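Labels run A, B, C and D following the written order; every chain starts at residue 1.
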Amino acid sequence: MVTTVVNLPSSALALILLFPALGVLFNLFFGARLGRRAVSIVGPGVMFLAFAAATWALVRLFMLPPGDALTFTLWPWIEAGRFHVELALRADTLSGVMIMIVTGVGAFIHLYSVGYMAHDEDFARFFTYMNLFALSMLILVLASNLLMMFVGWEGVGLCSYLLIAFWYTNPQFAYNGRKAFIVNRVGDAGFILGMLTIISVLSRGGVWTLDFPTIQAHVALFTTGTATAACLLLFMGATGKSAQIPLYVWLPDAMVGPTPVSALIHAATMVTAGVYMIARLNFLFMLSPDAMTVVATVGALTAFFAGTIAIVQPDIKKVLAYSTISQLGYMFLGVGSGAFAAGIFHVMTHAFFKGLLFLCAGSVIHAMGGEQDMTKMGALRKHLPITFWTMLIATLAISAVPGFSGYFSKDLILEGAYESGHVWLWGLGVLTAGITGFYMFRLIFMTFFGESRVEPEKLHHLHESPPSMTIPLVVLAIASAIGGWVGLPKGLLWGDAFARFLSPVVGNFRPGVEASTLGLSVVATGVGMLGILLAYVCYIRMPGLPMIVAWRAKSLYQVLLDKYYIDEFYNLIITRPLFFVSNVILNRGIDRFMIDGTVNGIGATVRSGSRLARRSETGNVQHYAFVYVLGVLGVVAYYLYLVRH
Amino acid sequence: MAELIVGAIEAVLMIFIGLNLAVFLLYFERKGSALIQDRVGANRASITGLGRKLGLPNLGIINTLVADPIKLFTKEDFVPAGADHFLHTLAPFIALFPVMITFVVIPFGDTITFGGRTFGLQAAPLNAAALYLLATIGIGVYGVSLGGWASNNRWALLGGIRATAQMISYEIAMGLAIIAIVITYGSLDLQAMVRMQGGVWFGWLPRWGIFVQPLAFILLLTAGIAESKRVPFDLPEGESELILGYMLEYSGGKQAAFMLTDLAEQALVAMLLVTFFFGGWQVPWLYRDGFHLPGGAIVALAPLLVSIAGVVAFLIKVVILCSFMGLIRWTLPRFRYDQLMKLGWKILVPLGLANILITAFVVVVAGGAH
Amino acid sequence: MMVPLPYLMALSGAIFAIGVLGFLTRRNILVMFMSVELMLNAVNLAFIALGSRLGTMDGQVIVFFVMTVAAAEAAVGLAIIISIFRGRETVHADDLTLLRW
Amino acid sequence: MPIALFWFLAAVSLISAFGVVLQRNPLHCLLALIVTLLAIAVLFIGEDATVVGFLQAIVYAGAIMVLFLFVIWLLNLRAEMGPTGHLGLKLFGTIAVAAMFAELMAFLLPPHLQIKFAGHAAGYGSIDSLSQTLFSEYLVAFEVTSVLLLVAVIGAVALARRSTASEIQEHAADNARKERSAAQ
């Protein structure tokens, strides 16, 4: 599948990076001084400019013959012996899609943040981080080689940490930030190892760089074994960044960050980096069916488990968090089963509707004055009309109601899963579709319908959010409504234009098993509807029912509520022993006792020695002179000796 | 060996001359000042009124040159309580000694021939005499300063400090002047300098240094007077403010020694000026074989006469200069201390430096001295 | 007829030793300073003697420089002594032991 | 130089050097030092180092020592009463110095220092030859020395001068400003 790729230099790419970079610098150095106005203009402004540049780049991509890419080489970065890495940007269709998502959705979320963070005193810092995130994310998707991609990878990780712990004065938030960071480190270790594997394999073949095209060109150097190893390691990184089993635990806790952050980073963009990475390295993953299977399985399982957890969560953002994890699981199911285009497609649609969902949730929380517990909401429909309608659209989209964007992408994924032979995973996916419908509409019903459970004193200042927040809602609502139409089922109108657009990069999906697209779609959609119906029954018709169920299946409910005790489990098998080893053995044993002991011992010896020695330092010149004379005596004696012999 | 003996004799002779000049100055102090101030001045103690009988005017020579010295040297030698005996006694002689030994390098004549042997009329024919002068004069400071210090008296100490500061400051000006002169003559040897001043320019003008180094002359004159602490530079003594300055606690012979020092220094300065600027023992138009007058006429003279004429000419010149300084003494008022320092550091020293620069430049351009 | 070199050297060595002795045993900084000057002169003497025996001017030139340096050193050193005396009202070396633990 | 003269000068210089070390009154020490310097100057001249000898008399004895004199006056130093210095230091110092003297003698006296010497060239030690050497091969050193002197003058002034009233006021004002800023 190696295509001779023509690379056109294009400064548009540089511009895309330049604008957020300028934003960072501006907000960092002048933001605090020039005040909110300037920041709220510059912060989103640069993003919109970047959006424009990205659009330009994409238009140029459209005009190129398929398979060509835009490149922009800044300068050689690493010249270590024969190993050579360049600081270069490269935009093919895949990157094109990603930059559109990042800059587009990002821009609107920035705009949204202006309203959402309006009352925060660290306005400038927030936008510094946001722009920095955008910059890193763009580096990640525009990187022309694996190493540079890793830089972006780490950059987004850092920003995620900074933004989760944005309100660092709250120790819990700071802790969650660290948790996210550390869990990501685990994944990144895998990423690094994978990268090293690739380097070693390639260098053994005499290839000393990490450019994607070069890797692709020499992909033949990989045996199935090495490919599997590399892929699994890289996938480990992906599970960390994209919150898959077993490393998803950080994402729910990441919800303590400001809601726009959850929307931009932990729903729309960063968490999809893993998917992007796998799609980017599709040629490598294709070499190892095992790895692909692992990816698909992990994806499906994650989707299912996260969904089940989402069912019972009372916290609106937690629900969305788990649904994000679950949706990410879908994407991995997609790419894992070879339907890379489908995966990326879902990345895009998910960026629309999940970003929208978070923004709406943010709007709700904003209106509720920071309240996130759905059990204290309800009947907000008339108070927040715009939020309600847009959120409804997003919900329809995510629960794959036909016609809405989510429907097409999810359908493609499930279809891919089935046709690649993973029937079980397909089943799991379908089941998850039902669960998705259920918990999403549970969210809608609990929030906007039923009788109000809002505390009376909050009731009177319930209000719709300012336009700076509602405009992005509307825009994204439109996007999530019609955004899916770029990838209609084959044969219908323009058909799967999206897949065709990506195909030069990710190749075409080659089904293993034949199946009727329509049938699969009907089944999946049906299950989804079923879930919605169930939610309707439980939360509108007979609101008592959930209680009863929960009481009946108490243990199950508890398990779900406590997220399968995964955190506790990790605590038990990893954190505790780690703490024990570091504290007792390393800290007390080695550090305090051996190292400090040695150092202090030396210090004490020196001090006591010098206490004696300093007696000689009387400060009286003549004493020194006396010693000096003794020295002279010695020297002259030596010369006498020389003269005599 | 003979040279040594003759040198010793000449040295004694020179010192004798110097001291006598000092005495002459002492007399001039009295009578000359009286003359200038239109007083009678010293006129007592004429022995048996002989001069009166002979109808001579009473020049007061006796009481100046005989009575005063006797009185001085018969006075009690007083040492104040708490004073440093040793230094108090030593100081006057430390002051006087260097001046004395300086006389010996002054050439007071050309060569003289006795019984087929020729001797230079310079006690110590030193080839670095100019440096020697500076050295001895420099040492001269200690006498005064120590005298002031050892007297255990505030006035005296002040006088001593003043004297020291003044002499150190003016030594610099003096040194600069002498350097310029040395550059001009291209030699450190006084006798050589004097020899170079023989002969004439344009057939009539004696080749005296004054015509070459007028500025140096003024510098050396001023600095010299200051060195000898005479009016207008007599701040160390400054009767009106310090009573007698460093000499305050001295009496009798020691004070005489101090006064003698000043006077001798003045004589010394006069000799130096003569040597440097007025052709030393050179008599205008007189050569070894006699006078060569500007007209071209030649008056032959015996070599011995020529030599003696030189010595006499030297003495006459010195006396004239001494009298000139006496005039200055009775003409100018005393400087204020800051004026003194200003004159020394801000006028004389820069002038001296400039003089050196110009001289050196001219010498280099003209190629070779004189 | 010149003085034998070893005499001069011995003299210079003796004066030097005396200087050292003074530096070690006197407590008055000024006198210590004078002792330093003694040592300098002893060395100067050695320079001159050797130079004249070797027939080179270098010895004298070096002495010339030593004098210059001695002048500078005296100026600065005495200034320091004065300022010390202003501050501490003493010139005794064993009262000036501030540079100490 | 006659050998007798040398002995005389040696005696003078040694005695006066001892005087420097042993006398109690700093002024007497100074006088002794001056005598030593002059004796050494004469020795210089005896070694045909005429110019340097006179310079020694002019600069060293005539100028530098006056500086000392002034300082002694300024500090109004009188004779030291009571024992001076530490006894131990005196004892061991004397011993050490004696040892050093012995070593120096052993080092300087033996015949390996006997340099075959055939009289001086004409004009050796004269001001001409000194200047020739000084301004040809030692020119740089000479210039540097002049700079050194300049620096020394400035340093001496800076060290020894009392700050004027206006400066004192400025200083006080500075401190006040500092305190105010510290207070804020």
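In this text, a residue touches a chain if its C-beta (ideal position, glycine included) is under 8 Å from a C-beta of that chain, and two chains touch if they have at least 3 such contacts.
All of these numbers come straight from a predicted model, not from anything done at the bench.
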Pair joined by more contacting C-beta pairs (C-D or B-D): C-D
Centre distance in Å when chain C and chain D are each reduced to the mean of their C-alpha atoms: 5
Distance from chain B to chain A - Cα centre to Cα centre, in angstrom: 105
Centre-to-centre distance between chain D and chain B (centres being mean Cα positions), rounded to whole Å: 31
Whole-Å separation of chain centres (CA-atom averages), chain A against chain C: 79
Multi-partner residues of chain A (each touching 2 or more other chains): 622, 626, 629
Junction residues of chain B - those touching two or more other chains: none
Set of chain D residues in contact with two or more other chains: 51, 55, 63, 85-86, 89, 93, 96-97, 100, 104, 107
Pairs of chains found to touch, sorted by chain label: A-C, A-D, B-D, C-D
Interface residues, chain D side, partner chain A - complex: 85-86, 89, 92-93, 96-97, 99-100, 103-104, 106-107, 110, 112
Contact footprint of chain C on chain A as seen in their complex: 614, 617-622, 625-626, 629
Chain D partner contacts - residues on chain A that touch it in the complex: 622-623, 626, 629-630, 632-633, 636-637, 639-640, 643
Residue ranges of chain C in contact with chain A within the complex: 20, 23-25, 27, 32, 93-94, 96-101
Touching residues (chain side chain C, partner chain D) in the complex: 1-3, 5-22, 24-28, 30-31, 33-35, 37-38, 41, 44-45, 48-55, 57-61, 63-65, 67-76, 78-83, 85-86, 91, 93-94
